[in-house]
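Quick heads-up: structures coming right below.
One chain, chain A, links the two complexes that follow: it is found with chain B in the first and with chain C in the second.
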Partner chain A sequence: MKLGQEGARQHWAWIALIGLTLAVLGARDSLDALMVFPDAWVLPMTDWFNAGMDVVVAQTGSFFRGVSAAMSVPMGWIRGLLQWMPWALTISLLALASFAVSGWKLALFTALATFYMVLIGYWPESMNSLSLVVMSVPMAVVIGFFIGTAAYYSARADHIVSPTMDVLQTIPVFAYLLPILLLFGFGPVVGLIASILYAVPPMVRNTTLGLRRVDPEVIEAGMMAGASPSQMFWRVRVPSALQQILLGINQTMMAAFSMVIIASIIGGTADIGWEVLSTMRKAEFGESILAGIVIALMAMVMDRMTARVATAQTPGDAPEGLWARYRYWIIAVGMTLAILLLSRTFPFLQRYPEAWEVYPAQMLNNWLTFVLVEYADTIKSIKTLSLFYIMLPVKMGLEQTVSPFSWGFALTPSLKMGYAGLALALAGWLWFCGRINVALLVAGLAILFYFGLTRLPWPSVMGVLILLAWQAGGMRLALGAGLGMAFLLLVGVWPQAMLSLYLCGIAVVLSFMLGTVLGILASENETFSAVLRPINDTLQTMPPFVLLIPFVMIFKLGDFTALLAIISYAIVPAIRYAEHGLRNISPEVIEAAKASGATRWQILWRVRLPLAAPQLMLGLNQTIMYGIAMLVIAALVGTNGLGQRVYIGLSNGDFGTGMIAGIGMAIIAMIADRMTQAYSRKVQPAAR
Partner chain B sequence: MTTRISLAAGLALGLASAFSASADSSDPIRIPINEWTGQHISAYITGSLFKKAGYEVEYVTAGAVPQFIALANGDLHVQPEVWTNNVGEIYPKAVESGDILVLGQLGLKPQEGWIYPPYMEEMCPGLPAYEALYDCAQAFAAADTFPKGRLITYPADWGTRSKDVVAQIDLPFEPVAGGSEGAMIAEVKSAVATKDPLLMMFWQPHWLFAEEEFNWVAWDPADGECVEEEGQTRGDACGFQQASIDKIANISFKKNYPGAFALYQAIEIDNDTQNALMLEIDQKGRDLEEVVAEWIDANEAVWSPWVEAGMAAKK
Partner chain C sequence: MTKSHPGAADGSDIRLSCRNIWKVYGKNPERYFSKDEDVADPATLVRRIRDDGAIPAAADVSFDLRVGEIFVIMGLSGSGKSTVVRCLSRLVEPTHGRITLNGDDLLAKSAKEMIKIRRHKIGMVFQNFGLMPHLSVYDNVAFPLSLQGESKADIRAQVDNVIDLVGLRGREKSYPHQLSGGQQQRVGIARSLAVDPDLWLLDEPFSALDPLIRRQMQDEFLRIQNDLQKSIVFITHDFLEALRVADRMMIMRGGQVVQTGTPAELITNPVNDYVAEFTNDVPLARVLTAAEVADAKGQRDDGLKRVAAETPVETLLPMLAEHPDGLIAESDGAPLGLVTAQSVIAALARHSGQSADTIGQAGT
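Presenting the complex of A and B:
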């Protein structure tokens, strides 16, 4: 059996790797080059990047400045229009649109959500943010549609487009902020360009995917009917792929919303993102939450509306008659005229009076202070426990962590022997029982916890990832992973990459475990699911910057706070995919299991979880992506790692440094993405 | 086709704005607004005086890093309050390349160093002398730094100044990077609320000092200017070189707005002025523009010579 043979080969490879690692660690004092990658081998990539950028800016600067000037004109119009419209009118039109696509429930939600912006006095700022999205989404959709179509028709184009989209999505925007500023100048348009760059990839992906998924029979029918190539495209392929394309628009819109804050960092926006930044800089918890909620609500409204359009059944024949067909447009025009007239007599419909605003920031601040003072001891012990027993061991190893102060005793030679003996005995016993993979895992973890990720020799870390890639996706993936890591070594960011890996790794493992448990509970309990959903929505759409302030206030600066910030963002996909996967199992399978006398636990472990495995793996994939995306933001609370390098590059005006750190993060993300996807494909046939 | 036309129009627009600059341009003077109140005050005072001299002014929100690129290429014109301590290499680079002109100091006297809340003096009686820190490092310790004390430094992208000093004078403290200004202030607020130990690199004038009381760690007197990078030892440690707060402008500002340039050169704002206005805005929650307008009305004697200098140079 081929599989068995390969399995045995892999086991020996793992054992060899473990043996070599231990040998290197045993002689680590004389093997410096294997412990720390020598500086002399590092390539001056930073300088190359900077030199290249200087040339690009000098050659093409004026062209891009022209583009920027041209784009600022329609941007100004949209801003002007949204600012001019009375708030009452904007809210009514949005509610009407929600009613048209969905119904009363969404219309009510839209009206309340937008009224919140009026109520707390952030209406003008909110409209400036909205104008950014209103402007960037159509442009991203059009650009993405054409690139996606090109990738569909030409395999060569696809080979370029697909990795480019990966890079655009995984590289942190801060890494290319500097070149964008140098090329396009300064102001709201630059924010617009950054958000288009970030929002294009989902559109490209969904367009290509949608076109590929068109039923061949439909195409055949089109051919038979004698359609011309352009008719084939616009009348046959695009309508059949429409649902996927609409999903792409929905995701593009969400991506554009997540860029609101970044656009404000660039400047010139005077929008809600700027409010979030200013309140964050002053560490005003209540104020920043209130402003952050505006962005979250706006994103939720737009998400509901576009998602609804994307999932709606394609309408049959258009209804007869002028009124039936255009009723919403007629109502919209009538409403506009009525409100414009009314707002002449009642100016409060135009500008909401300041005296009627409600701004409960102080209350929120007082509440946070109360929690801080009241639960100070609990908070401190939670932090200490996780630092001493989880984070520091993974980072620096038990060897460095165990001391009378932290664990209550010193790590004596006999304890070390005991640890090694215990690990060896456990691994040996598992091996003997035939659970070879688990035995290898135990041995590997024992080494990791003892020496710590940042103190392992670099060839070992590389070896582990290459072997994992080999197991998941074969030689090609192993080669890709190896090359990616070689890049990290050669440009000299390996130590920072390990710090990022440590933080992100713990966050992902905890998010995935906790998220899956919550997902299981939510799949079994409707009430719990209903409670969890708005929390998930908020965590996902709230600008992650806002989460930092309360976490710092409660847990102080440092890795632990960063960890919590990452988890609070990365846990959402883990919950969502687990719940979704478990809910989609056909009830008959469960019934059959029940009939055969399985207990609840058995059904969960033996039936439901294995059946949901592909979905769980996708959830893990997304958890990792979200975790890596949060690294840059977590650097704002004082972590060291690739995220911090990005800021150092930015504030030193050093494009190369930031870009290399950004590419490093993209590489880690892509390796993780390919590996989890390959695993996901592997578990798929087994589960069916 | 339409894209090509709008592109050409855009290019023309860009070129027009680049060449339309003759004596005393009528385009508005663009002033960046950063994320903190002190800078808002300096920017609005400067802007209001430009208006008094007959110029149009536009205030533009801008992040700390992007503003230098905008100032270098002329999208923004003046920035009256640049803190040289927290701008990274990007600012000196822009000055060196000749795109940004430094007009000298605004008049604010900054102080930088290590601060602690007064209740720390009970836990560490020798304070404010830095010598006391050697013996009571444990009073400042946290779980992740024990037995060393915990010192919060500036964010990593502002440089490694505290770390250098700690290393030179061999202080048993572990520097922890502050991450960002917001995070540092969050840490302060939380420490003060729970009476937790705190030692942190910080600066003033800052609105934080209007809200809470802090003391400064005292250093040995320096021989002339303090050199912080090297040569400090226990017993002869001068601490930190003090930052300066600069008025800067785009290089062509002088040519395009000679009157405003002369006015800008004359402007001075001191700590007392800024602190007084900051108190009104941050503590009493009043509107920025209203507070600045009030100051302008009450201090004509202070600013009228500046505006006169500007009017005299205006063409």
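Presenting the complex of A and C:
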């Protein structure tokens, strides 16, 4: 009864919102203040931020520069060491490590992957990137481990740590670089600090999670064995949580690497990320592909090696004897000595001769040009079709998009009437059928498509999001969403936020729909699932930056390229969660449905999808998070919006602009995150 | 079924004494108790605690464990038996009450002293084994010893000893995940015995095992106990298991003690319907002994074969077939009465009739 009343109240709220929106739009010429947030109301937050930062830099600058100088010393050693080491030695040691953790296959893969870097002549750049990772991962691991442990033991620490980690992970990656750049000055140390900061959260989370998940009986057994508190921690809890902690190290490493690559946009590091970026900017796609492959291979090797360690089962028998226990160390030492000696006689083991390098960039460029010319029409029509029929209507509305030039006809008044009538009829019919929510959705979408997201009055957009937040999570969430959007308005980045929302929104909707369909197929078909899995793995381990390359190559700069890049990154969680959710349904339920005479289609729609709903919602949540993360990186290929503002702030050293845009993105990410999580909790009881 | 155990019942042979133990979960549970006074009316207090929305997980639990005795605490899930056994080693801190081990007040010990006591005096076996997944069988068993920093040779001697005792020789290098449930619990048993404890706590040790393995492990357990003569608190939810291993047992419900006594006392003399319902399914022939089916007024012909008082009816029946005139039940040489087919049937009828009555009462 109460639920019914609540529902009715919500319906009226929606109708009122739609009505008001239409009223404002009808009188939009005289209601400027509602259409575009007046400049006079915008707070000079950018200046405040800059002024504040100036003070901080003036007060603490010498301290941070000292830290920076101190850190650059060991940094220099590691760089020097990796540069000095004969390539043959580095490759052999990495291959040996791969063999030790996994076996022949991975050792071979590692050897080939690293040899590729030598072969095409990117060895020094690769080693520079690697030295940043080698330096930042141990620090991030140690820091993360201790913070995670503190959060495990103290509820108060957890209350601070957990939201801080949330924020660190939702702030767009570029925004990290800005304050660090200002505080620590230019140089590789910026990349180092940024990657430590970015890589700590997964370690913290996994440490806390691992410690929490230790079997309570194991803890009791430790207590009964008479373990003192420190024995309890180091000999019972940590070893029992080790697998999760190792998983944390794996994720930390991938995060650190991804940040190292992104940090190279500030330049001056001569690393592999810079190589990709600079060649891409010069439209030397052959070169950027070759360098991009290096990044992809490095990511894969790092991931495979650490993931293998994390998932490895304890061996069959505990090893015994000096040789059995230390054989890999003994071999490593032997190998080092042997190769160091050999490289004195055969200098090519130390420095790979340039004459032996293979650098097929020109060939790739020729081939690419050929493909682009040959399929120019197809490429162009794909791009224009999606622009005219999907992207522009959402962005600027049919009102602006439909013209003889784009759609082949003009939007006459009678067509407008027809559109409105059709939408009204459809919504009315759905309402009449009792599907009120769908009717409201149709009405809302009709308005959105006609006027466009960026041309809707700002109070309406706010109203829609606040109402959604209210439905999902009650008053508190609605209030939070409202305050977040008020911030966007007051600091004057609302238009950019809408541009981001439009691009990200389309990408998320498409990723989620496509990903769910693929996930359903994968859950039904083993072969398909087996094919899909390595592709997903690769897309997910890749630093997102690399994903831009192929799309920029074919479609050049612009929104459409960004859209495709975002989809290619954000689709992975949608697929994963859908497959996982659909596979993890108890087989008994499916059997019961079959026994009741349900067809395959009915089982899918009426049993499996509803039961998988919480997982699907989590997938949507992750899709949104991935989409927003990628949106910032897509700013590199020339999108408008918050991501671009962060990037501009970074390249101009304008802390205020960059930081405000960064906070704006974090706000959007957090609102989206809380809302989807609240919905996910809401559909949970239905699945039980 | 009075198994013999050493020592007399005069308090000097009490290993563990547990007096009026309470464990209350809720907001500041101490307010229900005053420090030195015992609770006058436990039943009323339990109701008050529940009304406040707190949970009395253990309420006024008292028992004594004699040296060399197997004391079983039996109850269904949520009856408080696991809470009680954890109070005994202070894995769970009792809210109120007294516990003494070898006459020593356990609740007065500091955390450091408690660690010492756990290292040397108490061993515990867990329902899901509680093995360290990252340690081999040998290292798991050696774990309590290695925490004390004993020398490797000492550890090896003690570990070898208990590994032989539980029959794990040859599996020392395996890891827990490579073992079956029964084998894993052998590791758990070996680990708990490695320090040669005075008090041995077993928390549903066989409940996670298959019925056949469970039976086998119970036999093993009794064999080990026959050798070691430990003082044991054994937790189970399985009434038949309790009957098999118990010298004495205590039935719990809702945190409170329902009845304490020997298995035979519980069966022949249940205090209420709750206890009686457990005894319904019990195969009487296995529980009733010669003493209980003997007819004391029967004619005592000294020519008849003599049987020990604790012989179960199960064993008597084939003997009766061979000696149709009857048998004499005796205790320490003194005859107790005449056992005939007639007296056995009468006793069985008496006991099952009683059960049938209690069912009838429960239905109304």
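Definition applied: the second predicted complex is superposed on the first by the 569 of 688 C-alpha atoms of A that agree within 3 Å, B and C clash if a C-alpha of one lies under 4 Å from a C-alpha of the other, contacts with A are read in each partner's own complex, and residues count from 1 in each chain.
Everything below uses one rule, namely that a contact is a pair of C-beta atoms (placed from the backbone, for glycine too) under 8 Å apart; a residue touches a chain by one contact, two chains touch by 3 or more.
In this text, all values refer to a predicted model and were calculated from it rather than measured experimentally.
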> Who touches more of chain A, chain B or chain C?
Replying inline: B
>> Just to be sure I read the superposition right, which of the two partners does A:L181 touch: chain B = first, chain C = second, or both, or neither?
In response: first
>> Taking the superposition on A as described, I'd like to know which of chain B and chain C A:D654 touches: first, second, both or neither.
In response: first
>> By the touch definition at the top of the document, which applies to A:R476: first (chain B), second (chain C), both, or neither?
In response: neither
>> Contacts for A:R351 in the overlay, against chain B (first) and chain C (second): which applies, first, second, both or neither?
In response: neither
>> For A:T639, using the defined touch cut-off, is the partner it touches chain B, chain C, both, or neither? Pick first, second, both or neither.
In response: first
> Can A:R606 be said to touch chain B (first), chain C (second), both, or neither?
Replying inline: neither
> Is A:E217 in contact with chain B, with chain C, with both, or with neither (first, second, both, neither)?
Replying inline: second
>> Quick one: is A:K105 in contact with chain B, with chain C, with both, or with neither? Answer first, second, both or neither.
In response: neither
>> Residue numbers of chain A touching chain B in their complex, please.
In response: 62, 65-71, 73, 177-178, 181-182, 185-187, 190, 264-270, 274, 277-278, 280-283, 285, 369, 372-373, 376, 380, 383-384, 387-388, 392, 405-406, 548-549, 552-554, 556-560, 635-640, 644, 647-648, 650-654
> For chain B, which residues count as touching chain A in their complex?
Replying inline: 6-7, 9-11, 13-14, 32, 35-36, 60-70, 73, 75-76, 87-90, 93-94, 142-144, 146-147, 152, 155-158, 176-191, 193-194, 196, 207
>> Going by the contact rule set out above, which residues of chain C touch chain A in the complex?
In response: 86, 89, 91, 115-120, 122-124, 126-136, 138-139, 143-144, 147-148, 173-175, 177-178, 188, 191-192, 195
> For chain A, which residues are in contact with chain C within the complex?
Replying inline: 215, 217-218, 220-228, 231, 235-236, 239-240, 242, 313-318
